[in-house]
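In this document, chain identifiers A, B, C, D and E correspond to the written order of the chains, with residue numbering beginning at 1 in each.
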């Protein structure tokens, strides 16, 4: 384990940014999002969740993957070059790291998404949460606010310094290149990590027991809760677009005369045209089916298919839903139990 | 507020049990301090779910669009801004006045959770209460008091119609109307040069993720099919390329011209904090300047300024400004 | 001609010689060229003849001609422009900067000096 | 880049929406009278200036137009009685609004050109082309793809 | 995939000299959907049209683009050509590469590039064309003429003679209009009344003409072939069926009011006929001035009427009638004099308008046509006439020439001398315009035989001096200021449309110019039609003109109306708005911007998730819609779409033109 003085962070970022594009949480007009570092960047490490999850970097909202030209009756296709993968994500919270592992299940399984695969070669430096928010519930899914096992490097906030632990070979290599900036922590400091992890876990007041939720959720298709939830749903895409695990996309063309390009972009199961078919038929005709789909997918279908929940408890949808549709209420309905610490 | 909440519950139970209405739309308290969300009550026994607190911000009027079809009559609670939205729906012939039984709830301002968070008062917060002009933040083991306006939504601070302009039954006393200047941000932008303004808006529009929350929450956006969702013709591409985002925001705002009731809901729900209010208010300000003052949503019988004309209108496009 | 157009800003060619300016002019008996003739001569480019006339000095700038003109030609402004052209030509010798202190001491009103400068210098 | 250099290298694309009864006919008259104006002007025929939706204008800018002109009958002369009055409100508002979001107002011009004003049509088009040349290409609203 | 054919016209050298045809053909062949591109020296010629027709058949074309002159020139020609080859005529698009390209650009490369762009745009639009079918609708075979002056009377008589029923609406109690007020007519000096009154009687007696005097048009709805008009017949307070026209009532009536017909120079009674030859010869009660109506006293007329025709209880009647065609002939007013202070009109009784002069010189007018000074009833000696009072005056009056003043002033000079041989006429003028048969000769007679003194110049001031009027003027020919001691000053005032013409134009949906004269559909080729089909113009409501021109135009308007009424049915232009009911929200913003009231709401019942819903949607009346597209732009979701200029098409055009 090593540590870096907070005062030296700008130096670190400058160094890292020279090696590869470096993304970290930055503030613009009061909104904190991952953005490429540059001189004078307004970095905001201390805030918990960014508005958009780092999903927007590994799986951008839209990307072109094919160019085409069409002359008379001749069509020529040129695939876009694979995106650059050697960038660094700095300051990713453990829930968001877990979100990326959920995306991995989708995009890295056969057939592998080569664009995602390429972007996924990035290095993830995670920052543990010391004090999760009241709307956070990562622990419900067996995650730990103070630790992200899937990260390459793990950081803990020790007030004046960040404790630094590489978790993977990739992380180790990077750590080795930083000997000038990193220091060896005192044993007391090293030990404080354990304490931080424990405190963070206890701050989350609600202790969730999710035993049997996946199984019960399966039977919730006709549950009355959907009737009360969907009626107030506005049908906007905030919950899905801000979700670190939602991964649905649409494919579209943009053309200018005979040349054009094909792109893919995020889509949302909350939109009424999400399942609209060319015939005009819509298998999810009302918002009820759409709201149900979203929760069932996270709590039942995805676990059934991939063995893990499609929710990481980051709380973004809970905080940003304009009408407070709250997934924790659904989890409770599915038998999730809460005991207050 | 508690008093009004009691009245709400009593009135809701009364109109349901008397059979005057078969649905009451109100707000219900959630698990967390800032959660007060729309609730649909069809049984008088459930009237106890109703709440009235500093977070009852969602406008209930738009739910009428769907609910009205299967109901005899719907009772609902309106703050001042909600009533304007309702009138706009009336003007667009989307709701039938007869089908709504309106309880007016004068409102002197609601609390913006983001402001609470920014002030660092959110950790461990249980609830927020108001007495006069003072807020009390209640925690497990302590309390904190502050002046209320600090934490009100910006839109509440500039609110010009806190007392509903349309209702059947008034709950509580009308509150004083004391709005702050609402065009400050617009004027500030107008004072900048065109490139500075472009950079400002470019930054805002680039953040847009096209979640359409601003549209879906808006009481003036009530089209059955939105132009932005159409595939033939495809007006708006799905990629969030900057020019497409610009098209979205310019067109959205322009569809609001002469129709925006300035309720500020679009800006409230925007997850990336695009200052949509400034776009809407620029149009309101120009309409006021060019065609005389017009407040959408006050009188649904008035002809909105952009579907009428006066032969003596100014030709404002002849104004030329330095680049 | 161009100078005249610049100073007056009037469109001489708009005049269609209805003579209303002359008909309305209260001092036309004292003019050697009648007001409408002034415009006609200007249309023909005969500026010199107009500048030599008594008319432009007789004109009292009462604006009656301007008020009555059906073609929006303000003859009183044209007259003033003609006078200005002459005065500026004659310029220089009439009023010199170095004479100022003396003139002021003699009690010439300051307004007079200012307007004198405006008239007699370019 | 200096203004002069800009002016030489840059051939602006200007889309003109002309109402069939006045401005399109005015453009025809400019043609009949062989009154030349820059080839940068391309006319789209619409029945009335009130047919022009702001969306078409925005789309033109997205697709690379450097300037857009809407031309209709003089107020009071509308073939459809009141169309241009509606257009006048609509584009007064739109032009101010575009300026507000940082687009040079000069890129959108509205003119009343009657069927008998061929020379005015040519003059207006010449003036607009000159102005846009100085202003340079539209980069602000153009789709980057 | 479409099968589009592109035909490029050389127009001799008109296009080919500036646009490189070969390049254009090569480029056109590459355009999406194009299967054929060819050229012809003259596409509109017989051979060109044969080429188009042949190619449509051979190449199985489903859309046609013609790059040629302006669509305003030959769109119809080529639509007919396509139709002859079995293609729906609305599947033809024109790329205007002549007026908008070859004729206005000199650089061949630039013009060629632009021609290609224009063709590409037309191809993009054509690809989205849909075949349109005009609708047939029945014509109401009845005409309405608004205005009972000479224009209205003539138009009504002509239409009636052709066998169609006509309603002739006149605002005042009698038909006759301005012409009835005149004394003699130039240049023949025949008596105005003598030639007009027989026509008035004819009109009243014609079995096909229904006179609606003392009536006004209140509302106009509908469209060509089927106008629906509401006419308010004001209460006459005299039962027309009983009245014998004996005149006892107005003989006895005690209330006196200035006569409108006599331009205020004489008095009439509160119950009156405007002039002795009035048609119908039935009095009306001017309720504003009648003692019975103001004070509930008097009632003398009722008492003396031998036929008991006076009826104080009568009320306005609203008549609703359908018409196939409308002729508008509302005539003129004179410009107001308030702004021309220098003439002193209104400040001295001997300063009068030409219209007042007409009344003074008229045998049936005040003073029995003796032409005496209004101030003292003495014969005038020196009379000054002033031309162009308010006309040709862009600063305070009207910039246009009122056309008739030169001639009637000459006539007045002649009439003056006839009445008072010792009198002297002085005429101030800027130009004397005598374009017309025998006009110049007449004017010369006034100068040569009647010794009128013409002074080239205008009047600067008129002011009283003793019992005379001093007139300051100028003669720009002798270059001297002139002062005349006059007994009478006559001002030739500018003609303007009726003061309420603007409102009528809006009610009818026709255009009016900056001065509120109604606008013809084309200044040269369609001078008696308005922009709105089925509405025709006659007389001075369209612009200043004299009697023969007015009569000719009235005949022409009548002929147009007759041609229209002669058809049993009409075809509507299919380029109208259409509603996509699935998109329509029913907000009816479209209705608010529609200038033709062509949009209404209608209920629609549909099934949503298995349950019935009834909602409002907009509906377009295809016959009323004129295809302006205002509704399409006002419709937020794009439910309203103008066929032929649809959203899809305009977007495709924008995309294509920007390439």
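The rule is simple: contacts are C-beta pairs under 8 Å (C-beta built on N, C-alpha and C of every residue); 3 or more make two chains touch, one makes a residue touch a chain.
None of the values given here were measured: they were computed from a predicted structure.
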**Item:** Topological distance between subunit A and subunit D, in contact steps
**Value:** 1
**Asked** For subunit A and subunit E, what is the smallest step count along a path of chains that touch one another?
**Response** 1
**Asked** If you average the Cα atoms per chain, which one ends up farthest from subunit E?
**Response** A
**Most widely separated chain from subunit B, with each centre as the mean of CA atoms** = C
**Asked** Which chain lies at the heart of the structure, taking centres as C-alpha averages?
**Response** D
**Request:** Count the C-beta pairs in contact for C-E and for D-E, then report the pair with the higher count.
**Result:** D-E
**Item:** Averaged-CA centre spacing for the pair subunit B and subunit A, given as whole angstrom
**Value:** 30
**Message:** Need the CA-centroid distance for the pair subunit B / subunit D, whole Å please.
**Reply:** 37
**Prompt:** Hey, how far is the Cα centre of subunit B from the one of subunit C, in Å?
**Reply:** 66
**Item:** Where subunit D touches two or more other chains at once, by residue number
**Value:** 55, 59, 63, 76, 82, 86, 90, 143, 145
**Prompt:** What are the residues of subunit E that contact at least two other chains?
**Reply:** 593, 634, 647, 651, 655, 659
**Prompt:** Using the touch rule from the top of the page, what residues of subunit A touch 2 or more other chains?
**Reply:** 254, 256
**Chain pairs that touch, as defined at the top of this document** = A-B, A-D, A-E, B-D, B-E, C-E, D-E
**Contact set on subunit D toward subunit A in their complex** = 63, 143, 145
**Prompt:** Which subunit E residues qualify as touching subunit A in the complex?
**Reply:** 29-30, 32, 120, 609, 655-656, 659
**Prompt:** For subunit B, which residues are in contact with subunit A within the complex?
**Reply:** 30-32, 34-40, 58, 63, 66-67, 122-125, 203-204, 207, 209-213, 215-217, 229, 231, 237-241, 265, 268-269, 271-273
**Item:** Residue ranges of subunit D in contact with subunit E within the complex
**Value:** 13, 15, 20-21, 24-25, 27-28, 30-32, 34-39, 42-48, 50-53, 55-56, 59-60, 63-65, 74, 76-83, 86, 90, 122
**Asked** In the complex formed with subunit E, which residues of subunit B make contact?
**Response** 69-70, 91-94, 222-227, 230, 232-233, 235, 255, 303-304, 306-308
